Amino acid sequence: MLSAPHLNYALLAPILIILGAALLGVLVEAFISKALRSRLQIGISLIAVIAAFIQLIRVRNLTSTSAAVGSVAIDGAGIYIQLIILALAFVGLLYIADTDNFTAQASAIPGSTEEASSIAAGSQQTEVFPLTLFAIAGMMLFPIATDLITLFVALEVLSLPLYLMSGLSRRRRLLSQEAALKYFLLGAFSSAFFLFGAAFLYGYSGSLSLNGIADGVHSSGANSVFLLIGIIFLSVGLLFKVGAVPFHSWTPDVYQGAPTPITGFMAACTKAAAFGAMLRIFYVGFNDVQWDWKPIISAIAVITMVFGAIAAIVQRDVKRTLAFSSITHAGFILIAVVALSKNGLAAALFYFISYGFATLGAFGIVTLVRDSSGEITDLNRWSGLGKRSPLVASAFSLFMLSFGGIPLTAGFIGKFSVFTASYESGNINLVVFGVLTSAVALFFYLKIVLMIFFGESRSDTLTVVIPSILTRVAISICVIVTILLGVYPSLIFNSLQTFATFLH
Amino acid sequence: MDIANYLYLSAALFTIGAVGVIVRRNAIVVFMCVELMLNAANLAFVTFSRLNGNLDGQVASFFTMVVAACEVVVGLAIIVTIFRSRRSASVDDASLLKR
Amino acid sequence: MKANNYLVYLIALPLFSAALLLLLGRIADKWGHLLATLVSASTFAIGAYEFFAMRSRSGVDRAITQHVIQWISVGTLKVDGALLLDQLSICFVLLITGVGTLIHIYSISYMEHDENRRRFFAYLNLFIAAMLLLVLADSYLSLYVGWEGVGLASYLLIGFWNQRPAYATAAKKAFVANRVGDVGLSLAIIIAFTQFGTVSFAGVKAGAPHASSAALTAIGAMLLLAAAGKSAQFPLQSWLGDAMAGPTPVSALIHAATMVTAGVYLITRSNFIFDASSTARLLVVIVGAITLLFGAIIGTAKDDIKKALAASTMSQIGYMILATGLGPIGYAFAILHLLTHGFFKAGMFLGAGSVMHGMDDEVNMRRYGGLAKFMPITAITFGFGYLAILGIPPFAGFYSKDKIIETAFNAGGNKGWILGGAALLGAAITAFYMTRVVVLTFIGAKRWDSMAHPHESPLLMWLPMAILAIGSVTSGFLLSSGSALVHWLQPIVNAGNVEGGKELMKPLTVSLLALGVVVIGAGAAIIKYRTVASEAPSNISIFTKAARKDLYQDSFNEAVLMRPGQGLTDTLVKTDHNLIDGAVRGVGWTLNTISSAARSIQNGYVRSYALIMVLGTLALVATVWLVTL
Amino acid sequence: MLNLALQLGQTKTPEAVLFWILAPLAVLAGIGMLFAKKAVHSALLLAWIMITLAFFYIAQDALFLGIVQIVVYTGAVMMLFLFILMLIGVDSSDSLTETIKGQRATSITAAIGFGGLLISLIGRATVGHTALGLAEYNVKGNVQSLAEALFTKYVWAFEVVSALLITAALGAMVLAHSQKIKSRTLQRDLSAARFRGPSLSTAAGLPSSGVYARHNAVDVPALLPDGTPAPTSISATLKARGDMLDSKIFELEVKEVEED
Amino acid sequence: MKNILTVLELLPLFGVIALWLTPKENTKLIKQTAVAASLLTLVESFIAVWNFDIKFKGFQLVESYNWISAFHIKYAVGVDAISLTLILLTTILVPIVFIAGWHESEDGRFSPKTFYVLMLVLETMMIGVFAATDVFLFYVIFEAMLIPVYFLIAGYGRGERAAAALKFLLYSLFGGLLMLAAVIGIYIISTNQGVGTFDVNELSKLTIDQSTQNWLFLGFFIAFAIKAPLWPFHTWLPGAAKSATAGTSTLLLGILDKVGTYGMIRFCLTLFPGATKTFAPWIITLAVISILYGAILAIGQKDINSMIAFTSISHFGFITLGIFALTSQGISGATFYMINHGFSTAALFLTAGWIVKRRGSSQIADLGGLQRVVPVLAWSFFIAGLSALALPGLSSFVSEFLVLIGSFSQYPVATIFATTGIVLAALYVLLVVQRALHGEVKSGNESMVDLNLREKLAIAPVIALLVFLGFYPKPVLHPLNVATSTVMSQIGVTDPIAKADK
């Protein structure tokens, strides 16, 4: 007779809270009248995120490898990443709360009378909230999962809702649906790679857990062909999620097509989650074969940085530009992965925060710049925005500067810490590449700033909508975090020093 | 015959699946090719399970099936949506987002 | 050494006055010239006082210094703002303040109708201050300040009427030519510092015997370059003729009597360098000899009275430079000629100014003629200067120029013959062209048109001329009687200690010879210019043509320096834009191109994206395949 | 390859026979999937591959998986595929001509390289031990052992999968289910509307197809009392397909009736 | 007072807050507030000078607080004579720029308020960058400083200002990024040697092997060479100077670019003495090229502002020459040169700015005969020009000569080439003087008005300082000597002894 497994729910509570809230959200969809749903969903989601955050804070000093029968590791870095994801998700939710960005009726054919009447009736697809919560739960699980099965499940839990939500834009629905299709097909494709890699890792070590794989490296008398195949294919899956070149190609299209709040949420949180998982896998599972994978990941890091930065130069769409920017940043974080040290981990964690908030802020501002047919994403039409709305333009420029790594913004500290960690671990070449790429990247960030402030304002229908209070709060948070962490990063770094460890 | 043959088969099917994704245009066929890749991975899992003498691989394989099922639901829903708005299930037609 | 003295006021007073006049602006228009003249006169008074005070002292006590400020002190480089008044500098102080004051007085009247007279006087005061600083400095670096200060004053005064583009150009040309000389001075100072660890005259003098001859030659050559720039010596002579663009008093003061002689002062002051390097001396005499002939030849062809005089100045300074290169005794003779020249040339310039004043600023001598009748005083004072420069006894030039010719012959050997011959030839040509000037201007038929009403200048103008004329007559005798100046300067230049080489000719022979050539030259001029056309003839010999063109010095500069310089500038401007900035822009262009290419990869087809992923994975697998080989 | 084979150990002959019969067929089927013009054929080929795999699972001591493979994968998932294929047009066939420049050549090269390298790599692998087999685990029975792993070691993942299922369900709902915008109109409302309309001509309701017409086939419009055909009596689907006969031929010849 | 430097840094920021509270429409009040803030800062800087002990070797008025303890980064400030004089230069020039460019803020893309906010923020940063003794802090300000300048150029400039500003920014940031790599490198070295610090003093005690030194040195140097700017990293400067307002140009070339040469002394020399000696001949070559190249290009310029910019390139060549001569005259001269160049460039840009503003064109060809029309303005420009050509009697002469005298003993040939630069200097200054001030009054210039009292008040102190320091440089030069000797002993070099003394 089996004894009941001990799951240690206190440690899993944050994820369970989110999942519970998601279920509640599904029930709300089923049983609550349409008029109330939206507000109720927002409330449930935000409260759940806050509650999960609080619960995480409460258990922050606990560590465990036995929670969930060893499927997850509760350790400093894990908790930290979860906290980051929740914080970013909170801001993301504030944008998502502006349901005006989502289609009134996803099943209605774009342009049909049905759609028009749905819009007229004020319908809303409030399912985005439970979907978002599911995604958040997956994101939280992904970086703390310690076996390949849980990893795979978590990967899917975070991905499926995102596939769906990408297709829910209110305007330009054809594009949005196309984004969903592309994201889904390529995502499933990459999942297959992930799984194939997982199989070979299992084949090599006889274990699905990261520790088991690490042990396998020690004990196995075999050559490492299976291991290498496993690492490569698993990496492909992960690199896809983080948007590293050459597995990046979905990024611009999906970022452009998806509803902007979702893009922001996805860009910030997925990156943190996927990189969190990646860090754990490489730090814990593949630590002892680092000489096999470091050159490969280094090369990918360089290609990613350079490609992202260069390709962004000629982009004319603000969301695509931000997508390429996110690719570049993925390259930078990869540098931290390659550093394979406590400082590298800390740097990566900090980078999640600095990049995440800046990204959320930037996409938040994208939601504000509109004409009668919705958001304006053509950069040419952003020209002269500074004259129309200096505050919004300033905030956007701030985020650009943070992306560019200008001192006194969080982005700079992020880059600095990544470079430092990399340098420390001897990867000076990567630092040099990183530095040069930063210069190229600055080129387009600054061009945007230039255009916004000094471009000729075209007297067209561009307006900057008065943001809803929630959006306003969200953007403000992003601005404050970006500046505060730029000026006084010790707020984070002091705690990172105690937290940035993985349990083995 | 040796067990490695299963792995070769798995690799072959995986490759075929990948090629299918690249060359086929019908979204559903593309997706089926992805399923083929998942199946190839499953075969590898089962083979390795036997090789390593533990059941973890089979468990993984089982989870894959479940997950794949969910994926199929979502995926097909998306494909249907696309089809409804464009009257086409060709992935090449969905190429408005570019450059 | 005496502690309480008034050296600093010599500089401070005119400097202050200049600053005041410039800063006050139009307010000072009414009395500015008076203040300036007063200040100038007071500096002369102080100079005179100091002179007599010096005479009352004896031996080593004669030289006095005054420490004003600690100027520069970095590491071993310590330069004090200190003033040194010794036997050499007092000569200059008196010349500068004396002639300067006269010219101030002259200018009151000469510049009466110029609305910017105040500014003119401010510049004059500025010049006086700078020139005094030049001669009173106790170190090369302090001297440099005065050196450039006079350059600035000269620039300002040449360009006083700078609304005329040609005049502005002339001013710039003067300054730039001077700057070329300054490079020499800078380098001389720098080398001196690296050699001796100091830049004071005393320090360098003390160190000179221990220094390598190469270093000394280098310093000497650089000092010569500096002198050439300031004193319009070959090859930096070309600016002086153009500098006549300035008001005539300026030409008299700066470009005849004082500033242009600063080179002579510099070489004399640095006698310890030149004494120790024969190569440097050789360079000096070569430059001197060339210039004295060069200037003289140019002088023969000039129709512009001021330019003719300027050429003469160049030539006369050539004599002085030549003298300084002839060893210890030469320094004294150079200074002697410098002082006498200061009188007669200033006088002649003022005379020329007076003529121009009476002739409505006409400078072309071919439009003069027979003016002696209309401006007798001018004619007489000019005549005294003329006789002095020709070296007719007992006029001043006789005492000074003959000594130089004599010393040149005494240089010995072929050198003596060449230099002496050159000096003699120069004397002949000088006689020719000066006679030409006098004949064209004061004698012969009148060639001016009916509009002109030549008249004598007012008192304030002729009085200084008269005083200078007296100086032209007497100064030579006074200074050289009993070798007064030679003895006076002996502590500075060691003139008495070294005997000259073997005498080639007796002094009397030289004097007679000199007189002879002068008579020939003058006679030739009189014969040639009995009658003269009011337009310059065009069917002239190639030599005249060359002389008129200043022996092609400007053409040479233009072809060798200016055109290539402009070419270089244009090329570099283009290079900067196309090549260096182009490289930067090229980076941007390249990035853009690559970016566009990268953009085309993103073709929107999901299958292509998948293919890219597969290719990426393929690359990774291939890597592993290779690694595990 | 030899090396790996030695270490992995030999299987029994029947399995080898099974393998060498089914594996080539599976590969062929896979290749067939790439070339099948009709999606349905691809689906059937895939189903075939899945069934093959089920056999292999069973051959490799994974009885439960083999069954699940057939029941869930082949039975449920593939049917879903087929269902959707039906929905979007089962007849539709893919053109196999390549439209993206360079795609095909690159794909083929990549595929050959990819597969070749992968297989070559696997051939180089050593395992370090012989195949252990699952006899020990399957003593209790394959299903029981799997269940044990599932509900102890992997219980957390198992729980989380539920989230996935809900997501899938929710997703399908979002994308496919139309929310009702107005409250459903009842029979009563409809008839009220008919009478309140501007004209009473429609008050009686529409005739079915064929009424009073010479044929009562579904594509023949009904005739109205005045003898004119009523196009509205035909199903909209038929109309859309163009399967409607011209109503002209059904019109009655209206004779002039003289009135007294 | 304990926190003199911090207070000094904060005062302009208080000004910013005050500006923030000022109503946007009241332009006059805004200007007055800004001037008041800058004057207050000036006073505070005098207090700093008062508390400065000239004889003390090393940093004074030091403050140090933990900032980012994870990386041992401190907010550490302190000054030696070099930095203090540069701070003083800053605090003096800012109010002058405010007063001189009274209307500069008005026709920009943003409001006058923004202009002064940017300016004051810039002042804070400029003070901070010179005061920083923590390499990281220095770097942060070094880079962050660019942003306000960027907006000042692009927001208030002329012509192709946006492109010029972008170019400036990209150039500087590129250099800064290379420096960042080097900053990180030296920090890691310090960590490996068990110290883990960004403190300049501590870092200078590290032992770094030669090849590492070389790379790190280059990282720092290129950043500074771009900033300074040295040939061939200069092409951003003319555009920026051409486009920026006079006040911005003044601060940009007068102070900001000094950060480059200041950084060379503070970081390149003291942190990497070995590499310094290795690279010195090459850098000297670049410096001499800069001197001549800048001068020749200045001659060829048609735009008055870009001409001034090129003269600055020439002057920065002199400064670099002095620094890497590694003699006390060279370094002292170079540091003194920085001050003088600050004032002389300020004078040039401000006067040129007035001319351009009045004429409405910055083409030299459009000017002419200004001496007759606006004598005071012409004179101011002329004196500024004389200072640029290092006329003896003006302070720039002292420094230029010190540089030459200091470098000759080490690099005679280079020095001789550099010395010929003084002829070119005369040419470029006098050519523009001739074209702009002399000659006939060109049409369009007749109605220009001369300087008003405010403008006279602004330019007078600059000219006075140029003259005063020319005749009595001791108050500045003497403290600099102390700092120079400290630097020299840190590098481990001594002055050559005069040859004849041996």
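For reference, chains read A, B, C, D and E in written order, and residue numbers begin at 1 within each chain.
In this section, contacts are C-beta pairs under 8 Å (C-beta built on N, C-alpha and C of every residue); 3 or more make two chains touch, one makes a residue touch a chain.
Since this is a predicted model, take the numbers as computed values, not measurements.
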Kindly list the shared contact partners of chain C and chain D, in label order.
A, B
Starting from the Cα centroid of chain B, hunt down the chain whose centroid lies farthest away.
C
On a CA-centroid basis, which chain has its centre farthest from chain E's?
D
Give me the two chains with the most inter-chain contact pairs.
B-D
So, comparing each chain's Cα centre against the centre of all protein Cα atoms, which one is closest?
E
Distance from the CA centroid of chain D to that of chain E, rounded to the nearest Å?
73
Distance in whole angstrom between the CA centres of chain A and chain B is 25
At what distance in angstrom does the C-alpha mean of chain E lie from that of chain C?
36
Just the number, please: Cα centre separation of chain A and chain E in whole Å.
44
Mark out which residues of chain C touch at least two other chains, giving numbers and ranges.
599, 602-608, 610-611, 614-615, 617, 621, 624, 628
Give the residues of chain B touching no fewer than two other chains, as numbers and ranges.
7, 14, 17-18, 21-25, 30-31, 42, 47, 49, 51-54, 56, 59, 63, 67, 70-71, 74, 77-79, 81, 91-92, 94-98
Sites on chain E at which at least two other chains make contact
none
Mind giving me all the chain pairs that touch?
A-B, A-C, A-D, A-E, B-C, B-D, C-D, C-E
Where on chain A is chain C touching in the complex?
181-182, 185-186, 189-190, 193, 223-225, 228-229, 232-233, 235-236, 240, 245-247, 249-250, 252-253, 292, 296, 307, 310-315, 440, 443
Which of the residues in chain C come into contact with chain A in the complex?
588, 591-592, 594-596, 598-599, 601-602, 604, 606, 608-610, 612-613, 615-617, 619-621, 623-624, 627-628
In the complex, chain D touches chain B at residues 1, 4-5, 8-11, 13, 15-16, 19-20, 23, 26-27, 30-31, 33-34, 36, 39, 42-43, 46, 49-50, 53, 56-57, 60-62, 64-65, 68-69, 72-73, 76-77, 80-81, 84-85, 87-88, 92, 94-95, 98-100, 103-104, 107-108, 110-111, 114-115, 118-119, 122-123, 127, 131-134, 136-137, 142, 145-146, 149-150, 153-154, 157-158, 161, 164-165, 167-169, 171-172, 174-176
Across the complex, what residues on chain D touch chain A?
118, 121-122, 124-129, 148, 151-157, 160-161, 163-164, 166-168, 170-171, 173-179, 181-182
Partner chain E, residues of chain C touching it in the complex
22, 25, 69-77, 81, 141, 144-145, 147-149, 152, 155, 159, 162-165, 168-169, 171-172, 175-176, 179-180, 182-183, 186-187, 189-191, 193-198, 207, 210-212, 215, 568-570, 572-573, 576, 580-581, 584
